[in-house]
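When the chains are written out, they are named A, B, C and D in that same order, and each has its own residue count from 1.
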Amino acid sequence: MSLLEVKNLRMCYQTSQGLIKAVDGVSFEVKKGEALGLVGESGCGKSTIALSIMRLLPPNGRLLGGEILFADEDLLTKDEEEMRKMRGRRISLIFQAALNALNPVHRVGDQIIEAIQAHERMGKEEALRRVEELYRLVGLDPGMMGSFPHQYSGGMKQRAIIALALSCNPELLIADEPTTALDVIIQDQIIKEILKLQKEFNLTLIYISHDISLIAETCSSIGIMYAGKLVEYAPTIALFQSPLHPYTQGLLSSYPSIKGPKRRISPIPGEVPNLLHPPSGCRFHPRCPRAKEICGKEEPKYRRIKEDHYIACHCVNNSAL
Amino acid sequence: MNLGRFILNRLGQIVITLFIITTFLFLLFRMMPGDPTSMILDPKMPPEAKELIRKEFGLDKPLMVQYLYYLKNTLTGNFGKSFYYPETVLEIVKRKLPPTILLFTTAVILSYLIGLPLGKTIAWRRGSRLEMGATVFGLFFYTVFIPWFGLIAIWVFSYRLGWFPIGGMLTPEVWAADVGLFPKIWDVLYHLILPLSVLTLLFFAGSMLLMRNSMLETLREDYILTARAKGLPERVIKNRHAARNAMLPVVTALTLSLAFSLNGGVLTETIFSWPGLGKALVEAVLNHDYPLAQAAFLLLAILVLFANLLADILYAYLDPRIKY
Amino acid sequence: MKKIIPLLAAFFLISGIIDPLFASTLKIGMQDEPKTLNPFKASDVWSWNVIGFFYEGLYTRNPVTFEIIPWLAEGDPEFDKKTNTCVIRLKKEIRWEDGVPFTAQDVVFTAQVFLDFKVPRYISDWDFIEKVEALDDYALKFYLKEPYAIFFTGTLMSLIVPKHIWEPIVEEAKETKSPLTTLLEYEVTKPIGLGSFRFSRWHRGAYVKLVKNPGYFASGRKVKGKIVGPYIDEILFKIYGTTDTAILALKRGEIDYIWWPIQPGFVKDLEGNPKIGVTNNPENGLKYLAFNLRRTPFSDINFRRAVAYLIDKDFLVRRILQNYGERMDNVVPPGNGFWFNSNTPKYGKGMSRQERVKKAVEILERGGYSWKRRPKVLENGRIVKGEGLTMPDGTLVKPFTILTPPADYDPLRAIAGLLIQEWLREVGIPVTSAPTSFGDIVNKVNTEWDFDTYLLGWRLSLDPDYMRTFFHSKEIVRDGYNSMGYSNPAFDRLADRSAKELDEEKRRKSIFEMQEYIIKEAPYIPLYTSTSIEAYRKDRFTGWVNQLDGIGNGWSFLFLKPIKEGQE
Amino acid sequence: MGRFKENFNLFRKNRLGMTGLFILLFFLLLVILGPILPRIDEMYRPMTGVDKEILWSTPPSRAHLLGTDFMGRDILSQLAHGARIAFMVGISAALASVLIGTLVGLVAGYFGRLTDTLLMRLTDILLTLPSLPLIIIIAAALGKQSLWIIVGIIGLIGWPSTARVIRAQTLSLKERPFIEAARVSGASNFRIITRHIAPNILPLSFLYMTFGVTGAILAEAGLSFLGLGDPSVVSWGMMLQWCFTTGHTFRAPYWVLPPGLSISLVTFAFYLIGRALDEIINPRLRER
């Protein structure tokens, strides 16, 4: 049974120059206990998806269509108060820029207690004990609870944020580039931590990153995004073994593989398209090494190509398999 | 660095600043023509008498000697003798300082009490009619010509409606009648209302717009998103997270707005005959009473400098990241 | 709201207490508070408005005729021309407010202080006095070095201070390094006098309170058919910084009288108010334009006369003073009837603008001046401006300035300066009106003599001795009052003679002659004198005495009576 | 040019900014119409012209649309002339202070070290001093009441806030790669400042000028009102001073309202425009 189902989500940002279609017709689903990875270059709409699920888009964000079903309820039709009760309690978000995600003027422990008390009737004492427990769980010294964020190191802050995200035992955890600002060793530790916790609590996880190798470690399936669209979706192993979309192929070759043999890093030539005026047809065609005439004219359909493997590309057809 | 050392350090800076200001004032006034005898044009006053007066003020001595005397006077805090009044400047200033502090600090506090919540609200409800209205209203008073506005306020509220006194700080009849403490306090408050309201109206826009801008910037911070993602109620996000953090730059900017509000204070005191330093300064300038003008200005500057120090200490208290 | 009501109640409670308490209190609005209560030091009008109530002179002037009448003295002074001595007898039974009798010793002491310390404000009235002797407790003899007319109009009207109060202060001052400064800086906190009112309290910045002197020596006496009071119990001086607020206070009944002249602009409004009276009294003053005679072209009498013709005094009076004033063709105001010479030349009186220009051009041309472009008056009355005025020696008249007081001091004179600038420019006189702070003008004019022309004013005394101060060549010293550098030996002789002339008729003749000299030679161009407009409550007190300079005079306060409820 | 157009479009969307612009246009119209009146009749000369029939202050009439002042001078023509003075004072004083401020900020930010420390100490001192009392004191000490001296004083006092902002901007610009590139290619300090830094700073200077105009007009009006202004110039402050000292404040609303309202509106307009520009130049404040 899928916990989250996103159907044909379309959303944009209104700017003085015009509409930016940040997410354009994205569909996917996440099953209970599953970990889904979303990969793409910055600006491709991954974070917008995360924010859309949380219903935390900035004021100029507009929903154009689609559904987000969480436990069979459409989040997009919920009123603000119902939605508030979902946030942090049933769906938690760990987002980018962990360094500034904590309010510098409040004690870290208090910020977590605040989250707990926003959803549960709980005394201060009990909440404190809960936070202590969470601190141990994420590998922080509970003695640091009374300190301010600036007294924490980057890794400690990220752990605290994870503790915060888990404070109300959410069903779905969205981690949006949770380790961007950290150095590699800490990054690794944090990822291990998240994985451990996911298994321990049987969390459903959406992991968003521009680093496909990180995703490979964490997630059972992967969605590849390009310019507001999901271009390929497949279980991790299938994707790594036979990437079908030219973009996925490019992406895979541009990253050093942790597991596989060492390959030369070959970045995809060209620039990320401007979403104000996206290219016609397949949005990837100006950069695509295999682009054909049709690619510039017609938008490829997002379709299932194998069991659990979806793709949107003119160049890949069933016969190619 | 601990707080004590920080304050000491800042005090040092204040002293240097004051030294520069005093020297500047000395040069400014001594280089200019005119002296205490300049306001005396009385056929009964023979020329020798004028010479005597110059001597009395030490103006026959070389500039450097005068400067040292002046420094000594300023350091010992008696600022020398007034050219105009037969008192030392210290005595005059001592009388003028409390009314200014009373009017000025209450106005600043009141305008912040009004401006901060309003700024918070209009930033939160950006683009609303309330924001537009409050901004236009506030800005108009922020840039209004103070003496004119003051006169109109007197015209309407004192003259036409008769709600408030016309000016001054107390009713002589009340104070001359030995009526006890409470009526006297009430009497001063009664005189305070109109100038205070005018000043508050003039200032609140400053703090309101500062708060609004600061709040708008704060609202973009990641921790606000975190707070939202935690599922906190809007009210909590607005007050505990956004407003609390937005206060920090406002407190810093307060230091600048204090100097600004003193500008208004000077004109307001003059219009409302409020017997404070600002009015004293204007009168001293018109009377060519340089020692008094210098001292009044110096005291206004000291007032601002210490208010700044206070703001810095407040800042340290509000922002846990800052440890002196 | 709950909190406001008791507060409001409290306020009305206070008002309730006050009103009956202050029923016979005369409340006077002043623009500033006294600077000092020290009679030796005080030089400003606000101090004297208060101090004037405490001290009296040996003689004073009759409220209507200005004739000198005995006051603390008994009978007329007995002057001996041969010995230059004068015997004066004092009234008996006069007491200082603390009960000590007033005697000849007080007068001797006061005279001695003036002479020993050379107290600036008084010394010019006293420096010709050799000594003063007490013949007994109630008789005095003055010894004069030379006879001087101001002995009667100045010296004998000086105030007398109590010896028993001031002696220790004076003795102490004499011991210090700078005795005069010490004396002047002595802070009087509780003045003891013998005047109609005594000092009660001074709350700095807010009010001064005086109470009636029950033992006032003149109470009950008759002066010009009226019985001297005072009939009021208290006087409360309240400070109002601006005329506007004072007028509002007057309308609201917060004060009974504004003790300073108000602007014509207020009159219309006030005249419609049945409870408020407005009085107009000529001011004993003079606004004038003066030249620096040390510089060209001002040293040339033709130039000065041409300027005199060009200034439209009637326009200034009509427009700027709104007719509340009078044109001046003399340095003695017409209001000072006895000393006023009405036969001095009246430059440009009744002339139109065109006639003035023609006249000025004529005088200048006769004096040898020429133009690059001569000013012309066309048939239709239009005036073609002159350009490049050239002096008889062939050099151009350099641009010069009229120093005028700034707007804060006297906006009217600032505007007058500007109008004069425009009028002079029409005939090509390159002048600019330069509003300059008062202190700066005084400094430039009196101390440094660095000026071209200036526009200032004087408040005058009744005795015309001031002409000697303004125009005598011995006043051409640093800080002296002949800042123009006017020097005419004939005038000097005349001035010296008039000063020593004790016969009023003879003196009057020389004074008249002096006026002619001044106006003909025009070191000053008298412009106008203003009318002192004053406002008071009609419904509270009655008996104001109109005098030169206004109703705020000692006699008013002696004759004022409160109007009882229901009586108008 | 394209950038200008784009910014203007942004400005046009700012309702408050446009309001300010319209108020300003109204007063500019007054400035243009001002000199026409005296051509019609000499009695409309703002300073020396008087109505032959009217000897005192009168309420609005057909000959005098806003009435006359105490000596029969036309208030409307004074108001129009005052508008010219206000723009003159405001713009020239603001220009002076912005020039000084930009220069100080540039020099301090670019050269850093001791220059920076000294200049910024000076700036801080001046910034903490209450400016109006300072202007009053200096104006009084100079003694001469001339408009240009007053403008000079205001210009000399008003620069610190500009200097501070420009310095901060210069500091951040200095670290940008293109400056580094220019330096490496051997450009002189002068060239770097004038060619690379200044153009990036001028919009900010311009912004501070609009705020400076507000301050300058208010300061001149304040001085005039206190009697420290130039009485030979018909400025709005001086009109109020005349009204005040001749006793018409509370009985000639037609005289007291226009100049005060004009001062307030013009400063308000400049402030609104400044604020609108601020939102355009400072994208942090712009609505996303």
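Simple rule for what comes next: a residue touches a chain if its C-beta (ideal position, glycine included) is under 8 Å from a C-beta of that chain, and two chains touch if they have at least 3 such contacts.
Quantities reported herein were computed from a predicted structural model and do not represent experimental measurements.
Asker: Hey, which chain is the most central one here, using CA centres?
Answerer: Of the chains present, the most centrally placed is B.
Asker: Among the chains, which one keeps its Cα centre farthest from the Cα centre of chain D?
Answerer: Measuring from the centre of chain D, the most distant chain centre belongs to A.
Asker: Where the CA atoms of chain A average out and where those of chain B average out, how many Å apart are those spots?
Answerer: So the centroids are 54 Å from each other.
Asker: Distance-wise, how many Å sit between the C-alpha centres of chain A and chain C, to the nearest whole number?
Answerer: For chain A versus chain C, the centre distance works out to 91 Å.
Asker: Indicate the whole-number Å distance between the mean C-alpha point of chain C and the mean C-alpha point of chain D.
Answerer: Whole-Å distance between the two chain centres: 43.
Asker: Using Cα averages as centroids, what's the distance between chain B and chain C in whole Å?
Answerer: 38
Asker: Which residue numbers or ranges of chain A touch two or more of the other chains?
Answerer: 59
Asker: At least two partner chains per residue is the criterion; list those residues in chain D.
Answerer: Correct list: 140, 143, 226-228, 244, 249-250, 287.
Asker: Can you pull out the residues of chain C that are in contact with at least two other chains?
Answerer: Within chain C, residues 242, 244, 248, 408-409, 437, 439-440 contact more than one other chain.
Asker: Can you name the residues of chain D that touch chain B in the complex?
Answerer: 15-16, 124-125, 127-134, 136-138, 140-143, 161, 214, 218, 221-222, 225-228, 237, 240, 244, 249-250, 256, 259-261, 263-264, 267-268, 270-272, 275, 284-285, 287
Asker: Which residues of chain B touch chain A once you look at their complex with the stated criterion?
Answerer: 126, 221-223, 225-234, 236, 240-241, 244-245, 248, 318-321
Asker: With touch defined as at the start, can you tell me which chain A residues reach chain B in the complex?
Answerer: Contacts found on chain A: 54, 56, 59, 84-89, 92-93, 95-97, 100-106, 111, 114-115, 118-119, 148, 150, 161, 164.
Asker: Of all residues in chain C, which touch chain B in the complex?
Answerer: Its residues touching chain B are 7, 10-11, 13-14, 17-18, 21-22, 35-36, 38, 41, 43, 118, 120-125, 178, 180-181, 184-185, 187, 201, 203-207, 209, 236, 238-242, 244-245, 248-249, 252, 254, 408-409, 437-440, 442-444, 446-448, 456, 458, 461, 466, 469-470, 477-481.
Asker: Write out the stretch or stretches of chain B touching chain C in their complex.
Answerer: So the residues of chain B touching chain C come out as 33-35, 37-52, 56, 84-87, 95-96, 151, 154, 158-159, 162, 166-177, 179, 182-183, 186-187, 189-190, 270, 273, 275, 279, 286, 288.
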